[in-house]
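Two complexes, one shared chain (chain A), two partners (chain B, chain C).
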Partner chain A sequence: MNGRKTVWDHLFTLLVTAIYLFLMSPILLVVILSFNAGEFLSLPIEGMSLRWFVALFHNTRFLDATLHSLLLAAVAAVVNGVIGTLAAIYVVRFAGPRLANPLRLLMSAPLLVPEILTAIALLFYFFELGVGNNYGLAIQVGHIIVTFPYVFLNVSSALFNFDRSQEEAARSLGAGGWMTFRRVTLPAVKPGLITGCLFAFVISFDIFNISLLLKSVGMNTLPLELFDYLRFNFDPTAAAIATVSIGVTFVAVVIVDRTVGLRSLRF
Partner chain B sequence: MIAATRKRVWWMIVPALVLLVGFLVLPYASIVVMSLRTADTRAVYGEGFTLSHYAQIVTDPFIWGIVGRSLRMGLTVTVVTLLLGYPVAYHLANLRSRWASMLYIFVISPLLVGMVVRTFAWMIILSNNGVINGALKSLGLIERPILLLNTPLGVTIALIHVFLPFVILPLLGNLQAISPDLAAAGRSLGASRLRTFLKVTLPLSLPGIQAGAILVFVLSISAYVTPAMLGGTRGRTMSVLVVQYLVDSFRWPAGAALAIFMSAITLAIIVVYLRLTARAMRRLP
Partner chain C sequence: MTTLTLDGIDKFYGDLHILKDINLEVGQGEFISLLGPSGCGKTTTLRCIAGFEPIDRGRLLFGTREMTNVAPEHRDLGMVFQSYALFPHMTVAENLAFGLEVRKVAPAERAARIAKVLEMVRLAGYEGRFPRELSGGQQQRVALARALVIEPAVLLLDEPLANLDAALRDDMRFFIRDLQQRVGITTIYVTHDQSEALVMSDRIVVMEKGVVAQCGTPKEIYERPASRMVAGFIGHSDVIEGTVLGREGAMIVVETAAGRLRAHGPEAVSGPVHLMIRPEKLRPGLAENAMTGRVKKAVYQGSALLVVVELPSGQEISALLDADAAVAVGAELTLGFAARHGWVIAR
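Take a look at the complex of A and B:
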């Protein structure tokens, strides 16, 4: 590049900076207001305090909702980690050219259809099955379905970038199918698996529409709890709930960034 | 060898197939079935099948009004996110400094923070004594607060923020795949930077624009959380209406028909859009 910067370059930088700020500032605002010592959700804050977080930890509804969300997300991540990885290996390695594309489309389908429609579909379906929203089954299946593509796509893309001949070498050296899988294939897809599972976890933790329509009576998830709270209240407690949720996401993002790098993420 | 192995490993795909066919494909079929059932005041649905829910929907001006509003909002959100997202994607694609990965986190993290949290942030910003009205008041520009909460405008602003990363990411992938040599060639042949952008980079990034636009349009048309929290009755969209049918008034068959109606309209728009953009892209050099 010929290095001289023109007025237009500076204007462009200004514009782009403004858009980055637009992206980040609402989230920062929520975090800042959750530490507000005052009673209101408005700027400027009246000093720093942890009082709203302390209040949260004495609130059993909130603790139950957090645990419920963590459990749903953990089960979704683990189940998808297993079946998503198996499916990705099959589709990338064995399905053959004619079967691979339709299968890939089917496996990405939960991302391609609106979440609210999937929630409605599952609501009717579980009702027709006679299960309804009992046992927390419908909501868990919904969380697994919606987050499935994150594991499938991330493991698939890790497999694409991996040289098959390593597996063939292991086989020709006498390793059995399981041994080859455990010692060669699995380490190769590990970055994709970590990214996929963590994002399945994060997305599940934040899912709203599925939870709204499929939840069991009296079992709120964290986003539902926040939504319900905001119907009748508007104070920094809500910001504290939101900050807890942002914290969970942030931890997952940092783990992915440190272990495999954020850019490997596939949507 | 692969064919022989394929026969032995077929079981690997079975759990995923059970999940997706058993709990995605079949449930979608159940929306169609539900939409054809008769209404009943004592049970979820009555005996027999009917098309009357569809007939009621297409003849109801109130529903068409909400459809129109949803489509207008979806279109506005799509256009504005493209206008705001393109510069960011262009900037990130050409950035070669240590800032790049931090700015990438800026783009991606709003996406990972839950919809309810992001919408809640906009409640704080848009409310009558919120950030915007507070700032305008302290600057002396207004005396009474501008009403932003519970209006279509408020929902539109929040949706733009919520879905902006969804245009940036496909565009970024697309722009990064364009060889920088092409723009350099344009420049070395004496074209100005603007001309190079308009004649080389922009046409080559049309597939990214097309993909991002569809994604955002579908997402904003079907969004529930943001219009439900920020829209009130004046900013109500199709999704909000469907959920009201299902949850508040417990009219499952009518709600199912409304959901199908809303999907059919969205699908029709996408098909027309793909036809038009495909024709436009074929005309490119």
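Take a look at the complex of A and C:
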């Protein structure tokens, strides 16, 4: 092939751009609609306004739901950060060749099993235990389980690609097991760990089925609240909350990429 | 003075007997190479010394201190790995400081020692660089510096030059040997490269299938190999089969298909033997131990002419002659060697 671009190359670029525009347009549309000055979620918008953002911050139901969702996601990310890392260390380092693959599959199961089935199973499980939907325990456990594979897989791949002679070097330099882990192993898997936790957080923030079945009476998560709201209202408040959550996610991803990088995703 | 003793070390992986009764005494400041083909147990031996592999039988002593079951972090060793194993998230200075921090060396002394060692490996001014910003050879020297800065009792090197390109490898051989001499540190060096072992070591331990095949100075190993395997592993050699007829003074007379040849060899050798000659010791037209055959190949190698001669028995022997030697392919050629250059090995 020579370096000159043919007509076909340009047509292909055009096609790819068109496909991406088509895929991205709903998100763009929501953002545009949230600045609508009019009363309804409809196009074309009737002038620019921030009134629906103001409405949003006066809507206590939305604010409560957002708070719940953030809390659920934060706890899921932190808990998975710990147990996902421990599980990855066990599977990669100690499970042995015969156990490692079945375990890896088992740990990834929440990704493979439909979320609604996980939700139903947990519902039965917690009612059998006598806890039911109380204390917000069932929903939190559900969120942790569904987002667990993101941390586990990211940390596993970081550990798998890690040159273990670095640990041996640390030992030969006089460091004990804990110091070696803290100063050498943990920094090596940190990008994978942070990426995994970020994913757990974002996915948890977005979960619908699990939350629908397992939430306590009287509480709501943001996706559920949004769904309830849209059943009876059709004003741009919904678009405003969507814009805010897109913004929050985007900022989080940019911060992580700038600080630790999303390199460990490229495996 | 003995700094390191391996006393009858055995090592098993399941049913596999990896190391069989390894015995070795290393003196203060000695440079010992463990040499052998891959899978011979040389790296396992090094890892047993380092403490990364438990020893199943036998004892390991540092001086008079029993080290057999001591954890690696308490052995006071410096180790350089084939992959260098530098900590990628730390700068050069931080990599070097690691072992000193663990030893609770005060910050001021730490900095002084790091500066001194970096000077020694010619990397002064590289303190703030990260390993990924260095070339392979520089990373190699940082790994060496990191192992030396803790002033360990013994320095262990696991094929440290295997990942470098040929020219740099040659430089680093002399660099490491020179550094080792200046610091005077006892060193165990694992390699599969015989020329590396020859130029760097005080003594070479040739290993094969988990056994020490021979232990001696480079000259001993090269000129008087204990077995055919050692002869074949170190340098090139011509090997002629024969039978010992008797002795003439210090020389052994061997009856071979190429005639009756004289060479030296160990005291007790008798019966069927291999007679080994190094190709560079064969001389054209020499009457002593003369063998005549037809030239099959003559390859100009720049510094020498490689000649392959087919003897009437069908055996081929190769000789390294002067590059200017007039040799015609297909012609008859008589090659001889001085009896003191031949070496008899029991078959």
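Everything that follows uses one rule, which is that the second predicted complex is superposed on the first by the 259 of 267 C-alpha atoms of A that agree within 3 Å, B and C clash if a C-alpha of one lies under 4 Å from a C-alpha of the other, contacts with A are read in each partner's own complex, and residues count from 1 in each chain.
In this section, a residue touches a chain if its C-beta (ideal position, glycine included) is under 8 Å from a C-beta of that chain, and two chains touch if they have at least 3 such contacts.
Values in this document were obtained by computation on a predicted structure and should not be read as measured data.
On the shared subunit chain A, the superposed partners chain B and chain C are arranged side by side without overlap. Of the two partner chains, chain C is the only one touched by A:P187; chain B is not.
In the superposed model, A:A169 makes contact with chain C only, not with chain B.
Of the two partners chain B and chain C, more residues of chain A are touched by B. When the two complexes are overlaid on their common chain A, residue A:L23 makes contact with chain B while staying clear of chain C. In the superposition on chain A, A:M179 makes contact with chain C only, while chain B stays out of contact range. In the superposition on chain A, A:G84 makes contact with chain B only, while chain C stays out of contact range.
With chain A as the common frame, chain A serves as the apex of an angle whose CA-centre rays point to chain B and chain C; its value is 100 degrees, to a multiple of 10.
Annotation: superposed on chain A, chain B and chain C show a minimal Cα-Cα gap of 6 Å. Interface residues of chain A facing chain B in the complex, by the touch rule stated above, are 12, 15-16, 19-20, 22-24, 26-27, 29-30, 33, 40-43, 82-84, 86-87, 89-91, 94-96, 103, 106-107, 109-110, 113-118, 120-125, 127-128, 141, 144-145, 148, 152, 199, 202-203, 205-209, 212-213, 223, 226-227, 230, 234, 238-239, 242, 245-246, 249-250, 252-253, 257, 262-263, 265, 267. Against chain A, in their complex, chain B makes its touches with residues 2-3, 5-6, 9-10, 12-13, 15-17, 19-21, 23-28, 30-31, 33-34, 44, 84, 87-88, 91, 101, 103-110, 112-118, 120-125, 127, 129-131, 134, 161, 164-165, 169, 218-219, 221-225, 229, 239, 242-243, 246-247, 252, 255-256, 259, 263.
Residue ranges of chain A in contact with chain C, taken from their complex: 163, 165-166, 168-176, 179, 183-184, 187-188. Within the complex formed with chain A, the chain C residues making contact are 50-52, 71-79, 81-83, 85-89, 98-99, 102-103, 146-147, 150, 156.
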